[in-house]
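Some structures are shown below for you to check.
In the two complexes that follow, chain A is the common piece, with chain B as its partner first and chain C second.
And now, the complex of A and B:
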């Protein structure tokens, strides 16, 4: 078994640790607000994206499952957290109903639907954040992998899945706030969501979740099981004929990946303050893929970097030149697939390897 | 008086009978010298009490003068005035510029009038009722077929027994079959509301039963409890319900076919690039959008330069759309897709990037809002088939889709290009050995798929909003069609599109549009589990290719 924390993972985790400590300190009043306070939530949001990218990379980079519906797992985790936050509002809503969220009062609902029960407790919501996406991925994957739907067909039906969920969540009758989604959150675990300390806490939690996600993914992929996953990615039929239950491995990694995406969504929602059905849109899910492809498929750390890079570029470009953003994103898709098949990280490491030709090592080759 | 004798004799109230006898000759027989009487009567309208006015109205109706309906209509609406200065009867019309008057008899424009210089000729409720049936009766005899038909329909809706004589008179004079049917139906409704003999009511029920639509149902329903004819009415209602359900099914099938034709147009180009070449083209929807914007641009040019060409705009736009979309398609193939053969997932991502770029390019050039694309005259309006409405635009699109499909089959099966294309698909190295320029064929095949997307855009511009997001709304659906039908088979796309279209439209009334769509998506996801290669899966060696 390879080392759990290899060089690139070590460097990344160290950098992440420095960022996690430095940013809240720099933005605090004691340091004279060297950086604006909103940066904490913004970077916290990027960290959630990074965790989502790691989740996708686990499935795509190591097992060849290109899911175009990972945004759905992210959004489901977000909705589970959103439901908890809605219940925390209590009688402070516009209509002042002690139990029902505002949109239900508005729709003239008399009592809480059954699937909202229990979400007033944090532990239950936290459980659902992982259970709901995990269960969906398990059921969906069980059907899909068992009947050997793979490659682009799998991509397309995962896209159809998130599209169907988007249409469903847009419906008011679903009981998730319809078009507007869930918003107007007040506090989490009794802490005011607008307070700087709560925001810092969420930021640190996101960083910890990202680090944990990276380590779990690394632990899985560096194990014997990870070797089988790579074998399945590169030669599914051969792995099957060697006696591996390919569908079990795929199902496992798909479910773990979905749970990770759900956690990312749950941390994302309190930091941005809203969750709506737009998160399910197929375009969002494809954007996740470009994060991973840009950073370097099958590198985990690269996926996290790619997510943060693209998210940063999006923030900057949509601020300065909104017209240009889609051109840039579209161009990125084309350039990365044509000229950077191993992503930025892969290209960087290739460059380093050329500088030091003496170094040899098992490089993880990624093939389509 | 021959006409009166021809009428079936029934125990009419005496007054009605008198009115009938008085009215009919006037209504039926155009006579010379009557015009003077009409003018004189109109001049007498402003005078006297309400009961005097009633007599005058009755007399005007009796003249059967072609201008009578208009004058009585104006009186009913309160726009018939009398000019205080000279007692001339005028029709007042309120426009943006002020109030203008027209002579009630000659229609001569009398220019603007001050509010106080004319006085309205007043009517009370009794007169209004009289006016309505007089106008209805006059319209029933109008020389214009459409007016008669409309009048018959409005009498049908009122079901007032007072109209029976007028209807009988109109019926015996009517030569147009459709109008005659409408008159008979209107008469049947009125008969049911009288205490006519059971035999006659039965005949009326039969007439309404033959009509068999919602209006007939509504007219019959109140009589279901009538002890004399209740059984007939109930049976007729059940029969009508059955007929209506049948038409409802037919209408749903039509909607389904229409949706299917749209889906097929959108998906068939995809069936070529995805099915035949195995290339996932996520920019396919944007090529459709380019076709729609080409139509828009062509129409803009025509509006500016040669408005008389407008009816031909689609025929001009179609080849241009093929060129634009096909050209962009070939550029995509040569520039990007060519380098990614054998790597479907990368192709998917790169073409998604292209789709974003195309969307933003169109948004930058044409703006983010919906653009207005007009329907040529031969595509506007609709067609009534029984109780079903078929809009011309959708009918043409269905025909167009079938033509495109047939043409495509012909190209693939019969042309030399099609032969080369199939050869490259089935065995690339062998095709190359035989001297086929495989690179050229790849580009042309991709261009063909893209060109058909452009054609789809021309058709969709007629029924959908032309906006930069047009393509996005079809991409998931078209992939579903191809996946459901089975890649690599045009017939699969055909069956997939029409199957999904019809299923979707039959689900909609039960579940609502959105839930119906979700159910269809779930169905396809489950279907793929069962038949991972679609409805019309390729078998044998082609699967490995």
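And now, the complex of A and C:
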């Protein structure tokens, strides 16, 4: 039985802790605003991406489920949170309707659609943040895994799933604000979303969620079940002939992964202030895969690292040369696949191992 | 047939009009050791696919212990009934260690929750140690299975088969890629385990089949061409023509 917090995980969690404490402090007035305040939400957003990457890595890195539609689970979690935030606006909308969000008044709707009921309560929204992506993944996975759809075919249908959802959410009649999505949020839990303290709270919540996500994923992959997952990833047929119901294992991992992605989306939305159908776009889902491959597939920590590095690079580069971003991302991906087959984390660890030849920990991530 | 562990009768299977299995009948009794030989494409692997529920026959009966219809069972169900299988191409989990491969195969609960919350117990650790000794992989205990030689992978897979403690072992070409000494040792091992388990071995290596010293079934074009002791079938002119003579 592998330890829950191995060295790699320990180092990452410690660094995350330092960041979580240092960034809000450094941006506070007391510290003379050493770093600009917007950085808190920006890094908070990165942490949500990192959690999303961990979710994907759990399925792809450990069970071989290459989902090209994970952005959909992220977006659904985001929408569930967005619906709560919309209802928190109350009568402060442009049209001043006490119940209906502005876009519904604009569409001349008389009452709230049934699927918006309950979203005025935080606990209900929080439940839906996990239940909706989880349920979709469960139903989708039930059909896909039972019919033994795997490999490229599975990737294609997950991509089709997110594309279909994008088209659906673009429609005004769906009742989710059409192409504008949900925005103009005011409060969360009665706290002003523009206040520094609220932003810090969301940032810390994202860090905690990331740590929790990593630990849950690690707990699953280091358990005896984790070995079955690796068996399915490396030799599905063998696992089946050993008497393991492969589809049950895949369904479990896929669903947990989708729930995790939903939580990431829910924390992301209040920090960026908007959720729209663009989050369902197939390109987004492909980008998640690139994060994981870049950081180091099957390492969890590497996935988180990859997401944050790419997001940082994207922020910097889109500031200077926005039209070059996609080329840069593609180029980076090619470089890493060619020269760092085990991702940035693998390269980092190999480098460290060379500095200290006495302690080689290189073998562990291949089998994790 | 009364007292049979495995019973195949009149089984047929075509792939795109090609008769891979044609009116095949075979009976295996509990604890029996049986060798199956035949030229390439005779249908030996397909026969195992049918027994394990991987392939559904077009016609014929396949019964387990005279009562369970194996044509309706899938791979997982046949595995849980007590049929273990070694593939023609060695199939071990390359990124797991040798011990982890055995642990994965050990008889025990196969459900998601049981695996998530379960721990490796004392008896399991002892069983793994016993199997490691049996297949002579004690040294490689913590090495990734992918780093083993071809022959060692074959043995690990046999070890995994034994870990499942099945009533019937289907062993497809275990000696491929082994040295002569390893081949003889494998035959010895299979002879040892027969009795407690029924074993059906497919093999091309005649020295190996001789060492098994058991009843031999010769397959050709999906049918049983001859059956009996090795001396008996090797004297059969048809067998000599299609298989041994070449």
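The definition used in the following text is that the second predicted complex is superposed on the first by the 353 of 368 C-alpha atoms of A that agree within 3 Å, B and C clash if a C-alpha of one lies under 4 Å from a C-alpha of the other, contacts with A are read in each partner's own complex, and residues count from 1 in each chain.
Keep this in mind: a residue touches a chain if its C-beta (ideal position, glycine included) is under 8 Å from a C-beta of that chain, and two chains touch if they have at least 3 such contacts.
All of these numbers come straight from a predicted model, not from anything done at the bench.
Within the superposed three-chain model, A:144 lies in touch with chain B and out of touch with chain C [touch as defined at top]. Between chain B and chain C, B touches the greater number of residues of chain A.
Of the two partner chains placed by superposition, A:4 touches none, neither chain B nor chain C. When the shared chain is aligned, chain C comes close enough to touch A:245, but chain B does not. By the touch criterion defined above, A:168 lies against chain B but remains apart from chain C after alignment on the C-alpha atoms of chain A. In the superposed pair of complexes, A:14 makes contact with neither chain B nor chain C. Within the superposed three-chain model, A:189 lies out of touch with both chain B and chain C [touch as defined at top].
By the touch criterion defined above, A:220 reaches chain C but does not reach chain B.
Within the complex formed with chain B, the chain A residues making contact are 66, 140, 143-144, 146-149, 151-153, 155-157, 159-161, 163-164, 167-168, 170-171, 282-283, 286, 289-290, 293, 323, 325-327, 329-334, 336-338, 341, 368. By the touch criterion given at the top, residues 1, 220, 223-225, 227-228, 230-231, 234-235, 237-238, 240-246, 248-249, 252, 363, 366-367 of chain A touch chain C in their complex. Of all residues in chain B, those touching chain A in their complex are 280, 282, 336, 339-340, 342-350, 352-357, 359-361, 363-364, 472, 476, 479-480, 483, 514-515, 517-518, 521-522, 524-526, 528-530, 532. Contact residues of chain C toward chain A in the complex are 52, 75-76, 79-80, 84-85, 87, 91-97, 100, 103-105, 110-112, 115-120, 144, 160, 164.
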